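For reference, the structure discussed in these notes is given below.
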Amino acid sequence: MSDSVARRADGRTPSELRPIYFSRGFTRYAEGSVLVSFGETRVLCNATVEEGVPSFLRGQGQGWITAEYSMLPRATQVRSAREATRGKVGGRTSEIQRLIGRSLRAICDLEMLGERTILIDCDVLQADGGTRTAAITGAYVALHDAVYGLVRENQLSDSPLRDSVSAVSVGLVDGHPLLDLDYAEDFRAAVDMNFVITGSGHFVEVQGTAEERPFSMEELDDLRNLALAGCRDLHRLQLRALEA
Amino acid sequence: MSDSVARRADGRTPSELRPIYFSRGFTRYAEGSVLVSFGETRVLCNATVEEGVPSFLRGQGQGWITAEYSMLPRATQVRSAREATRGKVGGRTSEIQRLIGRSLRAICDLEMLGERTILIDCDVLQADGGTRTAAITGAYVALHDAVYGLVRENQLSDSPLRDSVSAVSVGLVDGHPLLDLDYAEDFRAAVDMNFVITGSGHFVEVQGTAEERPFSMEELDDLRNLALAGCRDLHRLQLRALEA
Amino acid sequence: MSDSVARRADGRTPSELRPIYFSRGFTRYAEGSVLVSFGETRVLCNATVEEGVPSFLRGQGQGWITAEYSMLPRATQVRSAREATRGKVGGRTSEIQRLIGRSLRAICDLEMLGERTILIDCDVLQADGGTRTAAITGAYVALHDAVYGLVRENQLSDSPLRDSVSAVSVGLVDGHPLLDLDYAEDFRAAVDMNFVITGSGHFVEVQGTAEERPFSMEELDDLRNLALAGCRDLHRLQLRALEA
Amino acid sequence: MSDSVARRADGRTPSELRPIYFSRGFTRYAEGSVLVSFGETRVLCNATVEEGVPSFLRGQGQGWITAEYSMLPRATQVRSAREATRGKVGGRTSEIQRLIGRSLRAICDLEMLGERTILIDCDVLQADGGTRTAAITGAYVALHDAVYGLVRENQLSDSPLRDSVSAVSVGLVDGHPLLDLDYAEDFRAAVDMNFVITGSGHFVEVQGTAEERPFSMEELDDLRNLALAGCRDLHRLQLRALEA
Amino acid sequence: MSDSVARRADGRTPSELRPIYFSRGFTRYAEGSVLVSFGETRVLCNATVEEGVPSFLRGQGQGWITAEYSMLPRATQVRSAREATRGKVGGRTSEIQRLIGRSLRAICDLEMLGERTILIDCDVLQADGGTRTAAITGAYVALHDAVYGLVRENQLSDSPLRDSVSAVSVGLVDGHPLLDLDYAEDFRAAVDMNFVITGSGHFVEVQGTAEERPFSMEELDDLRNLALAGCRDLHRLQLRALEA
Amino acid sequence: MSDSVARRADGRTPSELRPIYFSRGFTRYAEGSVLVSFGETRVLCNATVEEGVPSFLRGQGQGWITAEYSMLPRATQVRSAREATRGKVGGRTSEIQRLIGRSLRAICDLEMLGERTILIDCDVLQADGGTRTAAITGAYVALHDAVYGLVRENQLSDSPLRDSVSAVSVGLVDGHPLLDLDYAEDFRAAVDMNFVITGSGHFVEVQGTAEERPFSMEELDDLRNLALAGCRDLHRLQLRALEA
């Protein structure tokens, strides 16, 4: 299937990202605050810098980066209950926030960061598929702003960020590999993968799930290649947003 | 003290509201979605219409309006923990969401609404004082949009809203009554009151707290008058936003 | 409507309190222990003095007063579940205990109290309306006993209580303002207010809710005046109880 | 050691109960309401009759009797935290309420009771040792009142109570078997036992714990005999209270 | 009924234990690890030695022994939900783990143990009645192994264990006293007792419950004698296992 | 690095599995019960068949397969707290049990299964790395036994299992790709991946995490190939165990 022939519902080619925007400084108080849009998916990523580290790291002379993730109840077509009301953080939420944290730590020299914690709150205002990949991609920009704030205030002599990081979903829909699935595509996907990839093209996380049928080695390779190209684009868009 | 003499830190007169904006249709999926700004305070009010009513009302032929309230962790200068992480809804949150729900029910004919529930999610994106009064004022606009959606779809023959409602804070700061306190003013206020008032000038809720010292009957009357005038202005701004 | 004409179900005039009793020393171990009765409403108020203050106050050289409130499951006509069994403190409970705490702190010089905490447990043994106002009124007497215990033991050179405090409910029932509503009256009230007022006649808290219909400025003033007179009576009864 | 020689701190002989009182009708709304005193231990036992049974019994044509137990925070010398605040019912509480429920069910013909539930709330207002035995002993009286209410209202043709039940603690203190330990004696006891015994002298529950040292068969027999005599006295006092 | 006449479903005489096995070193990491079998009941008892004691014992120069108890969901015929999933430890579980802890502490000189804690995890892999008595009996062997590990490593100069301890259930089934009930017998028992008895024949815990009908003094004595004989056998089997 | 040269601490070649055992029928009551060993890692997999499906599937004519995962507290070198005691299921646990469920559903025709649920409890008795891959591999065997039980009892006319499934971990340790990491290897791995692969060689899940440094496309391919070979071996061992 050639890209010029098979158009998706929103007119994209199979290897095309949705419109991507980064709105920096979206709120006033956070050390980094980015509203990231992947099409109709909107995630507010607020970075908070705190002195000190969690107890399991205390006294080891290194910092920590972690994340929390949540959806507003009406981010979706059908309202979902608040986790605070249900009294606990669900399995999916916990899985996503661990993923975001790992992805950001992978590109940061935690010793250079020093004994401080950067916590990125990723709150989904509107969800149309790919909220976790949008969250990682936006969280990197918010992290970058928070880190350069520390540099500007001379709390850090240099940035501990060794690379950039972005994430994208890919999937097999009707037998075709597609990049950056929206909710309707994700719903129909037989296979659903998320890749977290650095600006230099290395893998941080690979997660693939056969939602409908197991997939072959060739299909795995096609999806991987699509994700590599998608993250190259996201990397360029992150750079441009940070230059603004 | 005349208004022309005593200016506040942001240049307002004692009886002047902060800049008030209503951004309708802020998210796509909710039946009513309004981002309300009272100066730097920003609250996203999303109305959800659901068939059915809570069990304590079942079979009584009437509807229900309720609200949930939450702050994003980094809505404030210093990050606060998520209630989902702490595993419970705090006392202040619960008090505010009960207040919002009562305020909206007071201006609605619940029998006309029929056996359906309208739930307004009020999520504070940025907090600079007066989040509960902004939430009520914005929630009315979101409720209005949700209700007129039902009318448009012929699910309701007429609107069950009998009046409008808005809310404002007033307080005694350095002995002076001030309208619509921002965070810095609220922090210094000796007395802090919230009024919920209908478009027709009747009281729905009156809440006053002596934070620092008990207050006299004359002070109570001054604050009440200031709130009445403030809610008249808010009422006008709500009308204008709904005509847009 | 003149008081001599319109009698209530229990024979009271509109501006008459229910029979009020304070039974001091109701339990043995608490530093202050008062069973307060507002008619059939019975609240046991036990004051506990503890060294130290909550962490947010530590090292500031001041004390703290706080309260907890609970109803026995069968305090009411129909049994309600225990909050311990449901695993959390409900919104109404939390709202009331915050109110009691604020009311007591408003009349105490917390610096004079020194770095100690006085916690008042208000447990409703029987509920016939007005449990929160009875709790505040009884808690003041228990607080007084606890404080004078500290003075007697020379832990305090003088009482840090600058005033007394009591509380009363008022409401509009069938269009008439009534003082100190019992459960049946409260149930029928179109407007329900609670006032917390010092012995010197200043306001500590004003809380009014339009349960059925918004209310006018004139109605607000009538209710306020009724509450001022009611709290003057309660103040006198508190004094008499403390002299016993 | 003869009873005439060895007196306890409060002047009792080893085989003497503390002063026992039953105050029936202590609160207004419960179907049975008894304040029971074992010396300074005071437990309020409120019986609630509810239609229906827990789901595991539904459709089996029998009733259920259960109990909840709680201590007011300041029932004791040192205040203990509320279980609602800690968000769960503790192990000791749960153990005691299961014990009370089993004890009452043992003397009731649950089929005769029909598909209804009687729940006894046992709230300790003041604790000086033996709260669980006082609770069982008082709960029987409250249960009796609730059941005879059903008979009086012709909801039951006859009482399903086949026997009465009471409970008492016994222990080895300084090598001597003592009946009905108060807190100070309980604290010093090497062995602590609770017996639940019917009016006809049969055992419902036997619980013995070597707090300090394991005990011999002879000691077990002495304690058992003391308990049998103590429950005979309690049975007589229950009868007298119910005749009043 | 003579033992030679009345055989049970599995062929045992009334006073006969089920086959008892202790498999020491069942897992690798615990300081003591014993899989105990009472017939088809299998409990894994893992002892963990930790430095320090719970806060209520700190600085008193003594150690602590405690236990946790849990059933695998499918230890039983019908699967039961995990307590972690339900979010809390149930009443029965909490009662059993308190019992195991008390039983082990009763035979240990906690001062000799020093400021360390030994925690015994008792996890039921398969349940056919008597899980708590099997747990206590196996926990003693695991405790013994953990303690002698400390002696071997010269952390203790001598064992603080002053005695051994085992436990057994007895009950009245069809009017006959039976030793060591399996699930089917336990289900039919009119009276159910658990005895915890030291190697030297003293009682640590006595717990008897009339499941179906109150029981007489003679029945109590018969059950007690059966338990004494059963624990003598268990004591011998524990010794043999520890010599292996 | 050739396999014959570079030996691991336990003597394995880089592409060699640990000794793998399946002990079927490990407990009596479960419909399938398998203790699986991957070296020193031991996981008990118990399959329970229940009529009916979760509410979100009701009436759709299909079945469901789900899993729960837990570690005994002392499965590890250092004891970890029970999730029941902490009152909630942790993020890692929830992530793993979702993974196990998805893996098993991927090889089952849920419509053929009919409206019943198979729940696999995976309880880790001893943990030395790779507990989630051992759990999936053993759970398949338990699922198989449960399903063939249904076939044998004529509740299913044929097996709904379309394929088999197993899982294995791979990682980069000191730059070398290794198969089936034990705890010590896992701890040192720069990259850690888990693959879930069907008997026919298709992928069900791919999860890779850069623990220490992002990894290249070549490294990803090497790890994938190692996993494919490892799961071929596991598939053969599963077949052999099921033939026994």
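As written, the chains take the letters A, B, C, D, E and F, and residue 1 is the first residue of each chain.
Convention: a residue touches a chain if its C-beta (ideal position, glycine included) is under 8 Å from a C-beta of that chain, and two chains touch if they have at least 3 such contacts.
Just so we're on the same page, UniProt names per chain: A, B, C, D, E, F = Ribonuclease PH.
Everything quoted here is computed from the prediction, not taken from an experiment.
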From subunit A, count the fewest steps through touching chains until subunit F is reached. 1
Those chains which touch subunit E and also touch subunit B: none
Considering subunit A as a copy of subunit C, what rotation angle in degrees (nearest 5) results from a C-alpha superposition of the former onto the latter? 120
Pick same or different for copies subunit E and subunit F, depending on whether their interface residues overlap by over half. same
Indicate the whole-number Å distance between the mean C-alpha point of subunit B and the mean C-alpha point of subunit D. 52
Between subunit C and subunit D, tell me the centre distance in angstrom, where each centre is the average of that chain's C-alpha atoms. 34
Which subunit D residues touch at least two other chains? 87-89
Can you trace the ring for me, subunit A first, then subunit F, and on through the rest? A, F, E, D, C, B
In their shared complex, subunit D is touched by residues of subunit E numbered 88-92, 94-95, 97-98, 102, 106-107, 163, 193, 197-198, 200, 202-210, 213-217, 220, 224, 228
Please name which positions on subunit D make contact with subunit C in the complex. 27-30, 33, 40, 42, 44, 46, 48, 50, 68, 70, 72-77, 79, 82-89, 93, 119, 121, 123, 125-126
